[in-house]
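Here come two complexes built around chain A, the first alongside chain B, the second alongside chain C.
Take a look at the complex of A and B:
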C-alpha cells in the first residue's frame, strides 16, 4: 500500500516537473516572439483589415482567391473585383464599397445554384440497376446507368460538396435549399454532368428551364417524363427563351415576371419551365396540360 | 586541428553522404512542392537552413542542458516541436518585414516549414547520434540546411529544364518529377558509406 502511494507521489512530482518545464520553455519562446512581433511589425493598409473584417471569413473560394484574407488584399488593390463574394452577397459588397468609398455597380445581384433537371426517380427510365461506387462521378463513367445522359444521377456528389447543407437528395434529384445556398459554386464543380449553374437571382423566385437534354424530342420523351423536347412553344411567347440543340435556354439576366413568360411556362407541354427560389410555387405535375392534348 | 577535421567531416557527411532528402527521405513535401522555379527553391532552402540551424542548436541546448538534467527525455518531441514552431514564426515575421515578395511567393509553404519533417528529423538524429559538442551540433544543423538547399536547387534546375524537354504526354507533370527524384536519390546513393 505504501509503495503504491510512494509511486503515485513520485509520478505526480515528475508530472509537475514536466509541466513546469514546458510552461517555462513556452513562456520563454512567447516572450521572444512577442518582442520580435513588436520589432518586426509590418504596416498593413488598414483598409485590408477592415475589408477582411467585413467578409464572411468562411474561406469558400467562390471569389477565385485562396481565402477571405487574400480576397481582401485583392479587392483593395483592384476595386473591380468588388462583388465577387457570393456568400456575403450585396450586404458585404456594400460594406466593402463603403470602406473603399466606391459606389456600387450592377454586381449586387446574388448568384445562386440552380439544378437544371427536375426528374425524380419516378420520372426517369433506367436501363439497369447500378450497384457500383455510389458517386455521380463513378456512375457517370459507366455508360447507360440511366437512360438520360444529361439528367441528375442522384448519388449526391453535390450534396457532399456543399458546406452549407443547402443541397439535399429528394427522390433522386438534387434539390437546392435557397434559404441556405450562398452561391459558393462548390456544387458546380462537383457535378460531373455540369447540371448545376449559377443563375443571377434578379428576383426572389427565378423562372428556370430545368432540363439540359440535347436529345431529340422523341428520345427525350421516351426517357423522361419531364424533359425538354425542344418544341419551341416557349420561344414563340417571349424572346427570353431560345431553343438550341433541342433544348430551351433562357436569358436569366433579362428575366422579368411578366405575362409572356408566365404564358410560356404554362404552354410548356412537359412542365420543364419552373420556379426556383426561396418561396418557389410548387411545379404542376408533369404532363398535366390545360390546352394541348398529351400523347 | 583534430576538431577542425571532425567538424569538416561532419559537414561533408550531412551535406552529401547523409543528405536528409536523398538518403533519409525527409522533407519530401517542400522538395517536390516548391521546386518549380529556381529562385523560389533557393529562397525556400535559405528559410529552411535558417530554421534548421536555429532549431537544431536550440533543441540540442534544451535537450542537454534542461531535459537531460531533469530526466525528462520523454518530453523531447513536444519541446522540439515547440522550438521549431517558434523559429518558423520568427522567420515568417522577418521575411514579411524585409522580403515581402518572397513572403508572397511562398504562400502556405512558409508556415508549413513547421511540419517539414527534415527539421524535426535532424533534431532527433542529433540526439540519436549522441553528438556531445555544441560546435558540432551547429555545424551539423547548418550542413543539413545546406544539404536541403542543394537538393531542392538541383531539383528545381532539372525541373526548369524539363519544362522545355519533350516529355511523353503520360509522364508530364508529377510522374516525371517523381522519376527525376528517384534517379537523383540513386545518384546520391553512390556516396553511401564514405563517411560514418
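Take a look at the complex of A and C:
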C-alpha cells in the first residue's frame, strides 16, 4: 500500500515539473507573440474588409480584377470603380457606396447576357458535316462549317466559360438561364462570333432581335428559318428598331412594353423578335407565319 | 527515265506521307477556257484588302485592274475575262467564309481567253533591258503575290531594303505536299519562263547568288532546270540544289535549314538572315508580267484525287468557281466525299463549291468515300500515350502535345511558354500521332484565341 502511495507521489512530482515547464514555455511564447502582434501590426483599412464582406465573393472577374478581394482594394482606392460588380448588381453597389459614404447616382440596371440567335439545329442549313475539334473557336476557323456565318455554332465555348451554370446548349443553341445569369461577361469573351451581348434588363422580360445575319434577305432565308431578313417591318412600327446592314437592331435602353413594339414583334415575318428573360413567353415556332388576328 | 538522284540535304524532323503524285504527274498543263462568270475576290493576299475600282454594270477588259489599295503591303486584283461587272457583293471565300468580291459576267463575243506564252522565253532573252525599280513596279501593278500559299505581296519581298540586306535568292521548287504537281509541271514544261522569272526577281532584288531547291523525287524537273541553267550560261550564279524528299521540305524555314544549315529566328522572317524565298509559280507569273505585260489573272491548279473524273494540271482563270472547274474536269465521280482546297496536309476542307479559285490556291483534292471512311475508322481519338512521336517529327523542335493540352485547358499563358506562335502549322504532329489527336488543330485554335485575347472585344 505504502509502495503504491510512494509511486503516485513520485509520479506527481515528475508530472508537476513537466507541467510547470510547459506552462512556463507557453507563457513565454505567448508574451513574445503578444509583443510582436502589437509591434508589427499591419494597418488594414477596415473599409476594405467591410467592402469585401459586402461583395458576392465568387471571384468571377467581371469587374476586371483578379477576384473580389482585389476589387475591394481597388474600389476603396478609386471610388470611380463603383458599380463594376455585375453579379452583385445595384444592391452590392449601394452597400459599397454606404461603406465608402458615397452617394450612388442612379440605381444601375442589371445587365444580362443575350444570345443573338434563335436558330436550333433543325432550323438551319448545313453544307457538310464537321468532324473536327468540338469547339466553337476551332469550328469558326473552318469557313462554312454551317451555312450561316453569323449564327450560333453550338459547340458550347460559352457554356464552358460560364461559372454560374447559366448557359446550356439546347438543340444546338446556347440558351441563357436568367435565374442564374449574373452578367459577368465571361461568355461574351468566349463567343468567337460575338453573338452574346450584355443587354440592360430594364424590365423582367426584354424584347430582343435574336439574329445578327448581315446577309441579304434572300440568302438569309435560304440558310435559316429564323433569320432576320432586314425587311424593315419592325422599324415602320416603332423607332426602337433600326435596320442597318440587312439586320434589325434595337435600342434596348429605350425599350418600354407598349403596343407598337408588340405589333412589331407579331408582324416580324420570320419571328426574329422574341422575349428573353426570367418568365419569357415561348417564341413563335420556327417557320410559322405571323398571326394576323392579333391587333 | 532520268537518273536516280538521292540527296542528304535535309532538316530535323518531318514525315513521309504517301505522295500520290502519280495521279497528275504526267498530265501536261491544259488551258481552261473562260467560264460564263467569274467572281474575283478582293482579299486574296496578306495585307490590306483592296477596294473596288469599278462599279456595277461597267464594261471591263481582260487584265484590267478591278480592285486596288494604297497600302504598301497589298496587291491589286485583275479581271481574267472581258465582260460586264454584274455585282459587287459578299461571296464565298476559301478562308474568311464570306468576303467582298466582284462578279463579272463574261462577254462570249469579245472574250478570247488567255493562253499561256511559254514559247516567248528562251535562253537568249535579255533581262538587262529592265531596271530593278521597273521590275518592282511591274510586280506591284501585276498583282503578283507569293503563290505557294501564304500570299505575301512579292514586290514587298523582292524590293531591296537597306535595313534587311539580302544576298541570296532561294527558289522553292520542293512541292513537298502530297498530291500537288503544279510547280513540277511548270518546271518541266515552262522551264524557260520559270528561269527568266528567277533571273528577273534576282535582278529586282539586286541579288547575285541564286539557289533552286528541288526535292529528289522530281528527277525530270531537276534535269530540266539544270540543263536550261547551263544553256543560259548562268551556271556560275544559279545553282540547282537537290534536297531530300520529306514533308515539309517546302516550308521556307525548312528549306533554308536544308540548304544553308541556318536557322531563321523564331517569329522572324528569312530576310533577317539575308535570304529571300520565292515559289516557282510566282517566278513564272513574274516573267509573264514583265515580258508579256500580262497581270496575274490565271494560274496553274492541280485538280487531283481519286474522286474526280479527269485529274490534271489546268491553267485556270482566277475567280473561276470550283463548281465550274469540276465541270471542266468531267465532274465528280460518285465516290466523291470530301473536297480539300490545297493538299491533304495543310489544305482546308471546304463545304461550298461556289467558292472561287484564288491566287494562292495551287491544288484541289477530291477524296473518295473509301479514303474518308478508312481514315475515319482509324481516326478515333484516344488519350495521349506520351510516346513523344510528335516531338521527333516537329520541324520547329516544339512540343506539340504540351501546347495542345495547354490550349485544351484554356491556359494560353502556358501555351505561349511552349512557343505556340513558333508553330508553322505543317500538320506533321497530327499526321504521326498514334492517338489521332488533332494537335495542329488545337494549336491553330490557340493562336486564334490568343489573337482575340489581345484585342478588345468588338461591340
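Methods note: the second predicted complex is superposed on the first by the 248 of 295 C-alpha atoms of A that agree within 3 Å, B and C clash if a C-alpha of one lies under 4 Å from a C-alpha of the other, contacts with A are read in each partner's own complex, and residues count from 1 in each chain.
Basically, contacts are C-beta pairs under 8 Å (C-beta built on N, C-alpha and C of every residue); 3 or more make two chains touch, one makes a residue touch a chain.
Please read these numbers as outputs of a predicted model, since none were measured by experiment.
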| item | value |
| --- | --- |
| Touched partner set for A:215, first chain B, second chain C, both or neither | second |
| Which of chain B and chain C A:137 touches, first, second, both or neither | second |
| Which of chain B and chain C A:192 touches, first, second, both or neither | second |
| More chain A residues in contact [chain B versus chain C] | C |
| First, second, both or neither for A:36, with chain B first and chain C second | first |
| Partner chain(s) touched by A:21 [first = chain B, second = chain C, both, neither] | first |
| First (chain B), second (chain C), both or neither touched by A:12 | neither |
| Partner chain B, residues of chain A touching it in the complex | 14, 17-18, 21-22, 25-26, 29, 32-33, 36-37, 40-42, 66 |
| Of chain A, residues touching chain C in the complex | 126-128, 131-133, 135, 137-138, 140-145, 149, 160, 188-189, 192, 194, 215-216 |
| Chain A contact footprint on chain C (complex, rising order) | 89-90, 92-98, 348-352, 376, 410, 438, 441-442, 444-445, 448-449, 452, 457-458 |
| Residue ranges of chain B touching chain A (in the complex, touch as defined) | 62, 66-67, 70, 72, 74-75, 78-79, 82-83, 86, 89-90, 93-94, 96-97, 100, 107 |
